[in-house]
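Across the two complexes that follow, subunit A remains constant while its partner is subunit B and subsequently subunit C.
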Partner chain A sequence: MLMLPELTIIGTAFLLIIVDLFLHEHRKAVLGGIAMAGVLLALGFTIGMMPQSGELFGGRFAVDSVTWWFKLLFLLASLITLAISIDLLDGRIDAKHMALQARGEYYAIMLFSLAGAMYLASARDLVTLYVSLELATIPLYILTAWKRDTLSSESGLKYVILGALASAFLLYGLGLMFGLTGEMNLEAIGRSVTPSPTFWLAAAMVTAGISFKLTLFPFHMWAAEVYQGAPAPVTAYLSVASKAAGLALMFQVFYRMMGHQLMAWAWPLAILAALTMTVGNLAAIVQNNIKRFMAFSAISQAGYLILGFLGNSDEGIPSMLYYMLVYILTNLAAFAVIVWYSNQTGRERIEEYRGLARVNPLVALAMMIALFSLAGIPPLSGFVGKFFLFSIASKAGFHWLVAVAAVNSTISLYYYLRIIRQMYIEPVGQETRALSISPVLAVTLAITTLATGAIGIIPMVYETVSAQTISWFLPFIH
Partner chain B sequence: MGLVSWLIILPFLTAMAVLMVPAKNWKAIRWISLTGTGMHLMLTAFTTMKFWALASQDIPAMKTATMTKLYFVERVTWFQTLGIDYFVGLDGISMSMVILTSIIIFAGTLASWNVEERTKEFFVLLLTLVTGVFGVFMSFDLFLFFMFYEVAVLPMYLLIGIWGTGPKEYAAMKLTLMLMVGSALILVGMLAVYHASGLHTFDLIRLATVNYPASLQTWVFPMFFLGFGVLGALYPFHTWSPDGHASAPTAVSMLHAGVLMKLGGYGALRIAVYLLPEGAKEWGLFFMGLTTINIVYGSFGAIMQKDLKYFTAYSSVSHCGFVLFGVAAMNLMGFKGAIIQMFSHGIMTGLFFALIGMVYGRTHTRIIPDMGGLAKVMPWLAVCFYVGGMASLGLPGFAGFVAESHVFMGGFFGNNFMNPVAMKTLTIIATVSIVVTAVYVLRGLATVFQGPITNHHFHELTDATLTEKLSTGLLVATLAVVGFMPWYFIDLIEASIFPFVNRLQASGTMVAFH
Partner chain C sequence: MHSEQSFILNNVWLIPAIPFLSFLTLGLLIRNFPKKLQDQLSGIVATLAVFSAAVLAYWLAWEYFHLFPAGVAKQALVPWSFEWLRYQENLAVNVGVLVDPISVLLMVVVTTVSSLVHLYSTGYMHGDPGYARYFTWLNLFTFSMLGLVVSPNILQMYVCWELVGASSFLLIGFYFEKPSAVSASKKAFIVTRFADLGFLLGVILLGYYGYNLFASVAPSLHASGLTNVQPFDFAFLTNPEVMNQFMGMSDTFMGMGVLTLSMVLIFMGAAGKSAMFPLHIWLPDAMEGPTPVSALIHAATMVVAGVYLVARMFPVFAASADALLVVMYVGAFTALFAAVIGCTQDDIKRVLAFSTLSQLGYMMFALGVSSMDHPLGYTASMFHLFTHAFFKALLFLGAGALIHAVHSNSIWDMGGLAKKMPVTHATVLIATLAIAGIYPLAGFFSKDEILVAALESGHTGVFAIGLLVAGITAFYMFRIYFVAFWGKPSHHSEHAHEAPISMLIPLIVLAIFTIGAGFVPMADLVSIGHSAGGHHGINWAVAGPSLFVAAAGISFAWFMYVAGGKQRSAALAGALGGVYTTIKQKFYFDEIYLFITKKIVFRFIATPIAWFDRNVVDGGVNLSGWLTRASGAALNSTQTGQVQTYGAWFVGGAVTVTLVLWIFFL
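What follows is the complex of A and B.
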């Protein structure tokens, strides 16, 4: 059963909606547990079917090694996000007004988005690809506006409008691809397409659509507003799962459809990467709201991520997958702290983190490790991941880009240090006191932080990704 | 786990042990730190003995070698697909730097005996930093090297930011960012070399067997040299160093000026010159020029300072200039001088910062004109200060003299691929600093320690405590030992310098100056 993980997720989502109807309000805490159990089950199925690859529905749905890894990433991201959400929805909340309503639907909608992302990784023709992408995206619009206050609704609306625009770009590009070749199957398009002005127009359109999902310059603008307005766990989910979905889409389009022309597309990608990381980093310096700040940090991370596409290097694919894994763990560790802090105190400004290291030393330590990993400080996994990506760019001959990226890492260190300075160096504010942390969140935080440290030092994770995916793209480029 | 791994991991284990102790037992914490660093010092002494026995026999054989010979090598495959190994070992240069670091951290722990605010975090960070330093000196895999390099730099931000004085946040941020930009340059060069070699390995020794295309060397060499130069306070990238040193707490200044700045000189020699000899020849004179500015500018800068820490920091800029000057002179004498200077300056400046911390702890001022006649109330500290000062102005009998004479001879006699007139001229300009150094050292010391006691509060001050005497005494003794018996030290490093010279020679026409 190749589709078992997806079916499990969808089944869990429907189960949640139905169970929600019959539960008394104070029993609804169980819903989070059901959602997590569903994701865990799907994770089990996914891991269980690792050696398997194959296709269904006449090749419209297929599983191979890279698909498998993407599904693992999506499930992992969702699992951690759910654990973080539980704190906001059912946790021991001081600031009651921050609580979200309609828990059952919240979990169900999040799972639908997850299912969409998983189908996206398995899609093998234009229609499946597009439909699964919308299934992954539309629930996110709803989740963004979940809080129903002005800010949240506004950001939800912005997200819908810009998202629709991006979909239009993508559809136009995909339509042109179909027009050029008359094929629906992605790999068939890749085999028969030849470079022509129309093809490059289509490629530009598709790249624009992907750039929106991955928050690449100049399609990154929505991220800051949406991240700030959305409820914190949704922001966390957006920053990792939505980005991983964007990467999956990029793999589908760039390798399967444009694999033969990828070498020629390297320069535009390099410039896109350089601009994205620079703009993201420079904008992050001046932010005061921590969620906005994380939005720009996420934008710059996307810039590093696409270095892996340069030069058709066989190490590019494992490097990108590994970095995505690292990024998911690290970013969610940071967001776990952010969600917890804003949940407990209602505070979201960077200055309001002052003195955290004195009252909650372990939480501050976890935050510091996550931020250092995002900044690429060794021996944390963020450094190792970035190093591999920079190595790809260097191998492709883009030495200037490595320099830009490395200097950008330094700039990013500057603004990550701003938070660390508030937590560690600034004196404790009068109103700061030790805050309690729920067991679920504490465990989540501990696991993500330890993983952030461990997967950079223990080579096994990268070696496994590498062994399984290193030759995956060869059929698409030869 | 072998000897070298223990040398790297011991400070980290100590940090972990400190982490286990509740923060309120701060007295226990400093004892644990002292035990850990003391054990490290003993382990280093033991390793040195063993190393000596092995390495001294190899000197004749190494005279013609182009490949560095490593001792106590440990190698474990790490990221196999990328050719990254955990590859550590020791050669003479590493050994001398390990001895330096081990002495400085032990003395630094003693000098931080009175850190009572957030003691636990202080020692954890300090020991983590020092783990990074040891790692850099003993790793021979570029990836590992780079990893430790950043571990050695980053804790500095918090150490200065939390326990520093004055404009500490500004200084900490400036220092961190400038050093990180330096390491960004190194990263670019490192990856370029890795891919250009085609060997698919980060093994430094194997990478140094390749003759890289001249076009690559031309642009990668300055990347490396500037990248390491930032840490080695190369003009005009030295500006982080006076601010950083002045704001840092005592032990951190000691470690930073004493050891961390040496990573710059070490990297410039070990990686820039060794990997890219042709680039080195092309750029040698340019960097000699920059380092000459370093030497002269630093010493004039020191004359103008009123604050004892800024005074020492500028003198460090000048003295670290000697290190890079020796490296840029590119001959046996120059390299030898650079390494002895790294060692002697490390000990000397560690001593200075320790003493400044102790004096400041008593007088609560670091402004030179505000002090006077302190020798009457704190004779021990005064004597140590004078010893450091004499070593710093290059008085024969101390390590500084051995180092500076080597460096100047290296610069003066030159090599046969750089313009001899230019090298001689630069060397002569650089020697000006000897005079200037004598002026500022003698004037500074005379103001602070001699004459009548200028402030009646100073009458109540006390001399060094036992821990302080231990800390400074150790450093003074080291200075004297290397000064009086430099041949032991030179024996330690000489065999390991030949490969650098021979590789330079092999890539062109050069006659080593002996």
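What follows is the complex of A and C.
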């Protein structure tokens, strides 16, 4: 029964494929509803079962408090992504050239990726870990190329090639880990591994593989083109669900497999974090395409995110999970606007958001709140999340890193304000008119925006995460 | 406690809360109504709110002074409070209401004058485009002033202190389309803010040392029944044991002990708000506001906040004799200085403004001459505050009626108004006699008590100044009275007619107060320190000379302006020459301040700082911005779009991570 959420997702995916075959074209709008219902059902199972722990298949599949939280994050991210995809796939858009085909397969493939991410969080041995990671990743290659125009195909191909490279590194790293210890179980590897040159090599290769998924410098290069080329809802999914999967993978490797060496990892991770946030922020300044811009914004956010790994403060885990939750809601609120704007106008350049606040004030307000939260302006949740992460770094003694992060936050405010300036200060373009917004998108945008404000103010959310996960990693580091 | 049965004693918070609610209703709700409805509602709502607060204040005074009748030591009650800020275990700030003799007295004064001014304003401001805005600010002021009066701790008082400053700023600049009003409001705000800097520093000093003492003193305070006391509370700061500890502190700054220094700093704030020399320059200009505002804020209530603050902290001032001496000298000098200037001004409101300064000086030096052993001056100061509020508000409202009638502020444009405006004439005459100190009007009793206190304290020089100022006051007040009511009608005043009834009722009510307020047995109600002593009656040894100088002042005014006409006063002005001009130009203080700020501060401090800011700071900021963009562009050029490049970066990155790990694990 512990696998019920995953089984629900996979069942829904197969149901979608089969129903798709027998439905008449104009009835296919129901598919989006089925997909969302499946995810909602799985979300219900997950919330009902968390935070109990248990295992299946001789310990190859297990759940505990952190696992449940990751599944919750994946399901939430997918649910919102589906909600912002539906209009585009059902063709309820004004910019007809943006339309996507084959919605049944689209939903099914997205759900397969979701199932892979969920298995990833539950995997407890090397093979399960790797297979579920591939299950999470390969559907994303397909989704990236879904539009089949030049840009989309090119980015899909780049993603496959570089993804294969990263996969290869990760697999070699995992293989070396197995070779060093003779163990398949992650925690068994963690208990028996000892530092040696081979271990460093293995650790570096695994880190490269993880950094690819999390878009850490210098493994982030793919993100810019893939985010830009992929259809907007897929970019949204990549920026949150794929990143959350990367974080889950990092939890598996850094806590379960290398927990004993965590203190020694602090400096390399601090350097990685500093470089990632700086590079992401600096490159974001000069971007013109909003999806490419969001790619660099997401890269810098990943730099903040891994501050939670520094030191062995027990608040690191809840801080990272909380930040991921905040990031998912905030980033998807911003992407809801981006998807909506490209649906209705086909525009993706930052200058083309000119005067949006005059014609669609509420949408512009939501976008502004989301961007301010990403920049970390109090009292929005982005500020609270960053505050917790920065305090982890500070407690671990990395005061210089907190200074770097603070300077980076300031830089990020500059480029987030660029968009706000276009929306609020620049005059309206000549043919700009008020754009309609569909009910699904409006509700999604309203909920994510409100949540962006609310979970920063209501202390209950962080307290719940913290209470359930605060001592989770103690067995792995002692 | 008896207070358990009393509704009003348990719900004193209602008194400031009602004007506040009315302020919110006007400011948030009624302002959205159509203009006509807005005007109809705002005056009624605001006036009713303040009147109901006034009724509650009288009820409270009745209950409180029956709870502690004459001869019974009056306790300070805090019937309602809640914790607002808690920094640490021993450092918290409450918001609450303090009920003691002077806060009850001030509540009565503030609500009385405020409600009458509200009523008067419904007539005076009729048809003004900013009618609703006016009443909104007036309510905000009333709330802030009441909040200040009932503050049980110095921090709440500071907050309300700034709130009254802000509402004063808003009301002085009410006619914001007039440049002179705008600059007057800025001047008032900047000068008082500058003074409040001292206040804030004093609060911080007291708070810091009080907090350090708190842990050691708290147990014995709790034992003596002072539970729930916090370091910023007046009850804590004025506690004898705490003051002893303060006195024993060895820290000094520029030769002053901690206590003296913080008291001098706090007095700086008080001097700013009460416009004591040399921070007096804002008050005459503040007359740019509507006349009822001058009556309420710049005569009867807000400007006495400084006096009230000194009275509130009187035990602490008394413990630091030096600080009290400062209070006395500043007060006495201001009383004389302002009275002299008052003789030469032509704008009726400015004369009244300088007379306010002078009377505030009386209140201040009355506090300065008293001590815990001889507290007569304390009672006298509060008494004078009480009576002055009524006759000065009456003078301003009367002046407002005159200005309303002749559309000019200059006394020379008035004249011959005694017959045209009989009610105004009668009430203003009562107030003028009161401020001149003629028996049996209110001003006589309180001024007499101040002079007695000064004489008994042994400060003969201060007593002499007080007596002299009494004569000058009588002179300049009757100067404007004779010129405005008895002089020859000018073309301005030919068509003047009596003010509407809504303006006359407040005049009449205030005139009744002016006649009756002197008979309030103030010594039974408000006292401090050791000698609880009853009413000492009229000391004719002092009252005789004071009545004599008042009569002399009035006669001289008659001689100059009635018997002699314009020629005689012009001749005297000509004979005095440069001295007259200097006084008329207010001793050139505005020019001196302007010289200091414009020629010295702006040129030698502000300009170099501005240059540094424009070039070095901004240049640095621009440089960092440019560098950031440039590095962003450079980084962007690594995004070649080539998979090979990305792959190379990937592999290079993996190798680097290996090397880094090697270094850190070794």
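Going forward, the second predicted complex is superposed on the first by the 476 of 478 C-alpha atoms of A that agree within 3 Å, B and C clash if a C-alpha of one lies under 4 Å from a C-alpha of the other, contacts with A are read in each partner's own complex, and residues count from 1 in each chain.
In this text, a contact is a pair of C-beta atoms (placed from the backbone, for glycine too) under 8 Å apart; a residue touches a chain by one contact, two chains touch by 3 or more.
Everything numeric here is computed off the predicted structure, so don't read it as measured data.
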Which of subunit B and subunit C A:Ala284 touches, first, second, both or neither: second
With both complexes superposed on chain A, which partner does A:Ile161 reach: first (subunit B), second (subunit C), both or neither? second
For A:Ala264, is the partner it touches subunit B (first), subunit C (second), both, or none of the two (neither)? second
Counting only touches as set out at the top, which of subunit B and subunit C does A:Arg421 meet: first, second, both, neither? first
Using the touch definition from the top, say if A:Phe178 reaches subunit B (first), subunit C (second), both or neither. neither
Have a look at where A:Ser409 lands relative to subunit B and subunit C in the superposition and call it first, second, both or neither. first
Touching A:Phe372 in the superposition: subunit B (first), subunit C (second), both, neither? first
Subunit A positions within both the subunit B interface and the subunit C interface are 414
In the complex formed with subunit A, which residues of subunit B make contact? 78-82, 143, 146-148, 150-151, 154, 157-158, 161-162, 169, 173, 176-177, 180-181, 183-185, 187-188, 191-192, 194-195
Applying the document's contact rule, which stretches of subunit A touch subunit C when the two form their complex? 158, 161-162, 165-166, 169, 195, 197, 200-201, 203-205, 207-208, 211-212, 217-219, 221-222, 224-225, 261, 264-265, 267-268, 271-272, 279, 282-287, 411, 414
Subunit A to subunit B touching residues, read off their complex: 315, 318, 372, 377-379, 383-384, 387-388, 390-391, 394-395, 399, 402-403, 406-407, 409-410, 413-414, 417, 420-421, 424-425, 459, 462-463, 466-467, 470
Contact footprint of subunit A on subunit C as seen in their complex: 625, 628-629, 631-633, 635-636, 638-639, 641, 643, 645-647, 649-658, 660-662, 664-665
